[in-house]
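The following blocks contain the structures, represented as structure tokens.
Common to both upcoming complexes is subunit A, partnered first by subunit B, then by subunit C.
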Partner chain A sequence: MGIFSIVNGVYVMAGSLLLGALGGLLGVFAVLRKQGLLGDVLSHAALPGIVLSFIFLGEKNLPILILGALVSGMISALLIDKIVASTRIKMDGAMAVVLSWFFGIGILFLSYLKRMENVSPSGINDFIFGQAAGMLQLDVVLIGTVFGLGVLHVLIKWRQIKLMIFDRNYAHVMGVNHRFNEVLLTVIFSFGIVISLQAVGVVLTAALFITPAVTALFLANSLWATVLWSVTFGMIGGVTGAYLSVMYRDVPTGASIVVVLSLIFILVVLFSKKGFLMKMLEGFRYRVRVSYENAVLSCYRMMESGDCPEMTVKKDLVKGGVLVKLVAWRALVKKKLVKFVGGQWVLSKGGLEFGRKLIKKHRLWEVYLANKLSMDAGKVHLEAEDMEHILTDEMVVRLEKMLGNPKVDPHGKQIIS
Partner chain B sequence: MKKNENVVEVRDLTVVYDRVPVVWNVDIEITKGHLVGIIGPNGAGKTTLLKALLGLTESVSGEVSFFGDSYGNVRKRVAYVPQRDSVDWDFPTTVYDVVMMGRYTEMRFWQRPGDEDHNVVKRALKNVGIEDLAERRISELSGGQKQRVFLARAMAQQAELYLLDEPYAGIDVATEKTISDILKDLVSKGKTVVVVHHDLSTVKEYFDSVIMLNVRKVASGSVEEVFVRGNLEKLYGGSLPFMDNLKI
Partner chain C sequence: MSILIIVFLAAISCSLLGALVFLRREAMLVDAISHAVLPGIVVAFLIVSSLSSPFFMVFAFLFAFLAVMIMKFLATRIRVSKESVIGIVFTAFFAIGVLMISRVAGNVHLDQDAVIYGSVEFAGFNRLELFGVDLGPRAIWSLGVAVLLNFGFVTLFYKELKTMIFDEKFAVSIGMPVRFLNFMILFLVTLTAVVAFEVMGSIMVLGLFALPAAGGYLLSRSLMGVLVYAVLMGLVGSLLGFWWAFAGDLSIGGAVITVLGGIFVMIWGLLRFMLWFRKG
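Coming up: the complex of A and B.
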């Protein structure tokens, strides 16, 4: 049995797809304009308006209900503005107070509504946690219209919007009517929140707008890419979430959408190119490289000073944590920097060459510090520490040229070209 | 255009915040081809003055004209470099893209940047020495690099008058030199440059004229005539120890 065997299955799927796209699109601009929390306020504060429209009409009437939601959301936004403008209370404090205040009143109205006679409160519960299964043709048309308006505004005013969000003063100077664009974006955003309430619920609607955008911003390097990713994530979250909630009857849509979106967020933050795991891996790789390069270096130094002419590489030359040591040793063998001869590991020909290159980097840097930065010859060794892991071959060529191909370092040790 | 034509004319400009005047009855004339520093203590209204000229801050009185015309008619001929910290550098965009913003007034919404726009942007990037950072995301730039991006964006506008707000604040020595060279070069090509500046020790080196502002205008004119101990004492309210280091 698939979702399309439900009477309104087509509408549910189309509606949730559009809803996800809508959330993804408008969310990007809301987040960039630091209005993420406004979405939370608007959705929670819409509840009294929704319940009142039930109480007065005695039944569900979508347009009136949306109007009620919009009006009570707007009153909350104005209240917040007033509080911030006329007291010392800051934006976040005012938002938190008004959000819970309106939501509380909404819940009170709701319990009153449920005790009323002659009123069918069927469907009202959907507005708390969301129920996509109730979507009808009208919902799809409404969502589609707001999405269309959003796309149109963004496409036509793309450059103005970009300029205005990034640099408001510059936009003004360039003659962009930023007030108009700001108001229009906020109005479309508010409409978007309100028409999502039935499917996603007042408690979690904001997440449909914010989570895809935040995820996309983590990933993308341009505004275009951010919008495309965000819309894609929104659509995946919307459709998957709605599908899950319809197929498993008791799952509220808001919850299942948010779970899917959060999962995408976690995956991106962990596994994307800029994600945590990549960062950790990079750090680990660097430590491994430093570890085996140091091992080769110490072996080379011992050979040079005559302490170890046979160039034996003992495993305790490799330093670091257990895992670093293990991987670094494997790298030495794999890169054929060491070879197993006569029952012991010794530096290979390649290893010798590698050591010579590393020591050259270190000593060139010492020369640079002593000659160009006039540092004390006794100090330069410590200051040059680790530079042999950082200098690239190109930098070495340039350093050599700049320093006039020095033959010895400040301690009189040889630099072999 | 005559050599001595006034590029900026300000009459009786007053800006008030919360009933406290921040810019009071200021008259200014800036003639073409000058490199002008606006100097004064913190809170003297330097940035406010610049913003009021551009209509970014409402003024309670005064007349401002650019090239003998109202600002709305000559926008394209005026380039503005805001303070670096006034924008969100985490915005998802690249260096190239920000500099292209300087060309936005040239395009209608359905148009894409043309060859001319791309050439101008590339040249601006090269001029400020960041052509190799073109595709870098702006959140990854240093303070000096950000300032170069802003200057490149203004240059991409190919304006005649440049208004810069504290471009020398908190940047590295190399960037400071680059910016000063570029501004001098612009002036040598007949452009006019006005800079809000706070570092008195570099005034003589960077500017040929100064406007001394401390809510009211204290003095204005060429650096040799105006940037003298008497005026500085008036500007900063009494003698200040650091003046001995200025060799004036």
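Coming up: the complex of A and C.
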């Protein structure tokens, strides 16, 4: 059974796609303005408005419901503002107070509604738990309109919004009417939240506006790229989640969309170029390189001082953690820095050359520290221990030139050019 | 009658702890925890298929702890505000919980409605039986334990908690067991949220934590004052709410929270009025 064999399958898919895009777009600005959880408050605070319009109308009339939700959401936002402005209670406390209070009122109204005889409250559960499967053409048009408004606002006011996010005071000085822009952005944001409730549900709507945005912020470097990524992630999450929930009838849409969005977040945070695993891998690679370079260096030094003229490389020259040692030794063999001759490992010709290059970096840096930075000759060795792994060939050439082709290091050891 | 006792116990346990959490500016963390325990509850349910097991608590706590650890980890690694990190983590946990419920709905007597609305109305029928002896509603026992634990914790560590709320770094520097206390607060918040969640629903639990604490915070500047006022407000609110719900056949949780919010707004307005009056 394909998804499009369901009567409203097209609307469900289109609506979820637009919903994801909407959340992605508005979420970026909400998260950057530290209003991520405001979405959570607004979605919970919409409940009394929804239930009240149900009570008065006695039936499900989408535009009126959304209006009710919007009004009670707005009142909650104003109340938070007032509490923060006039008491010692801070933002998070005010949010917790208003969120739970409004939701409690909503539940109270709901219990009243359930007792009324001529009203069926079945549509309300959709708002609390989310059910995209019931999406109709009207929903899609509404979501599309809000998304269009959002895109329009962002495009027209791009410069002002960017300035406002970057530095409110600066934006003010620059003559940007940030109050107007902020209010407009918040109004569109509330619209977006309210319109998502039906598909995603009260608890999980916030995720639609937070998760893709944070994922994109982790990945991208400019605001443009962030917005584009965020919208993309939102759309993928929306469509995939909605598809799963329609295919497996008993899976609520909100939950499946949010699970998909969270999976994208986890993947990006772990495996993207800036991801934690990639960072760890990078660090590991560096430790491996330091480890085998040090092994070559100590072998070279022993040869130079005549302790070990046959250049034997024992495995215990390779230092570091178990895994680092293992990989570093493999690197030595693979890069042909060592070779197996007469029953033992010795430094190859390439290894010898490599060691010479490294020792040159080390000693040049020592000279630089001692002569140019006037550091104590006794201290320079330790500093050079790190730098020998970082200096590039080009830097060596320039360093040598600047130092006037020195022949010995501060300890009197030879520098071979 | 037993329902009123259950509501009272929930109010006391939540408002005591709520005051601490509120003063530490971690009110939204309670929201996050009360949602993040959901997958734990479902897993425990799948294993023991009954709510009357300590198992249930262990799993809930494991998941809450996991969520808080992930939040802490992400907060240091990702350059977005702390609240966005909270938002990501708890919604992910809750969504997984909802998915699990929906996939196993046939076998488990646990549905979404109960998660959101709670069911204090039926808590009286859910009785604790030990060796065949009926010991009364189970919620009274579990919430009673929560009250005792929270009360014991606050009285035992009052001085430490006071110092810690005022300045955590200072508390560390004079050798107070701050890590242990943080762990205990997290543990007790989870325990209380899970026990109260069963009767109040996951969102109204937040109200029991935050509303009395906010009222107490407006009325007093000392920790003791906030604690006392919070508990008082919790009790008054739950009594009035219970009475209202009983008289009007409404949702008890909804009525209690609505009344508590009303009391908060009244305190707020009264203080504003007094300020205005004094200024002339």
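Going forward, the second predicted complex is superposed on the first by the 414 of 417 C-alpha atoms of A that agree within 3 Å, B and C clash if a C-alpha of one lies under 4 Å from a C-alpha of the other, contacts with A are read in each partner's own complex, and residues count from 1 in each chain.
Here, a residue touches a chain if its C-beta (ideal position, glycine included) is under 8 Å from a C-beta of that chain, and two chains touch if they have at least 3 such contacts.
Note that the structure is predicted; figures quoted are calculated from it, not measured.
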Subunit B versus subunit C as contact partner of A:V214, first or second or both or neither: second
Residue contacts with subunit A in the superposition, subunit B compared against subunit C: C
Touching partner for A:S222 - first (subunit B), second (subunit C), both, neither: first
First (subunit B), second (subunit C), both or neither touched by A:I165: first
Which superposed partner A:S111 touches (first subunit B, second subunit C, both, neither): second
Touched partner set for A:I236, first subunit B, second subunit C, both or neither: neither
Which of subunit B and subunit C A:V327 touches, first, second, both or neither: neither
Which superposed partner A:M174 touches (first subunit B, second subunit C, both, neither): first
First (subunit B), second (subunit C), both or neither touched by A:A46: neither
Interface residues of subunit A shared between complexes with subunit B and subunit C: 217
Contact footprint of subunit A on subunit C as seen in their complex: 22, 25-28, 30-31, 35, 74, 77-81, 83-88, 91-92, 94-96, 98-99, 102-103, 105, 112-113, 116-117, 201-204, 206-207, 209-211, 213-214, 217-218, 245, 248-251, 253-258, 260-261, 264, 268, 271-272
Touching residues on subunit A, where the partner in the complex is subunit C: 31, 34, 36-37, 39-40, 44, 83, 86-90, 92-93, 95-97, 99-112, 115, 125, 128-129, 202-204, 206-207, 210-211, 213-214, 217-218, 250-252, 254-256, 258-259, 262, 265, 269, 276
Subunit B - residues contacting subunit A, complex: 51, 54-56, 72, 75, 78, 80, 82, 86-88, 91-94, 97-98, 101, 104-105, 107, 109, 137, 153
Subunit B-facing residues of subunit A, complex: 32, 156-160, 162-163, 165-167, 169-170, 172-175, 217, 220-223, 225-226
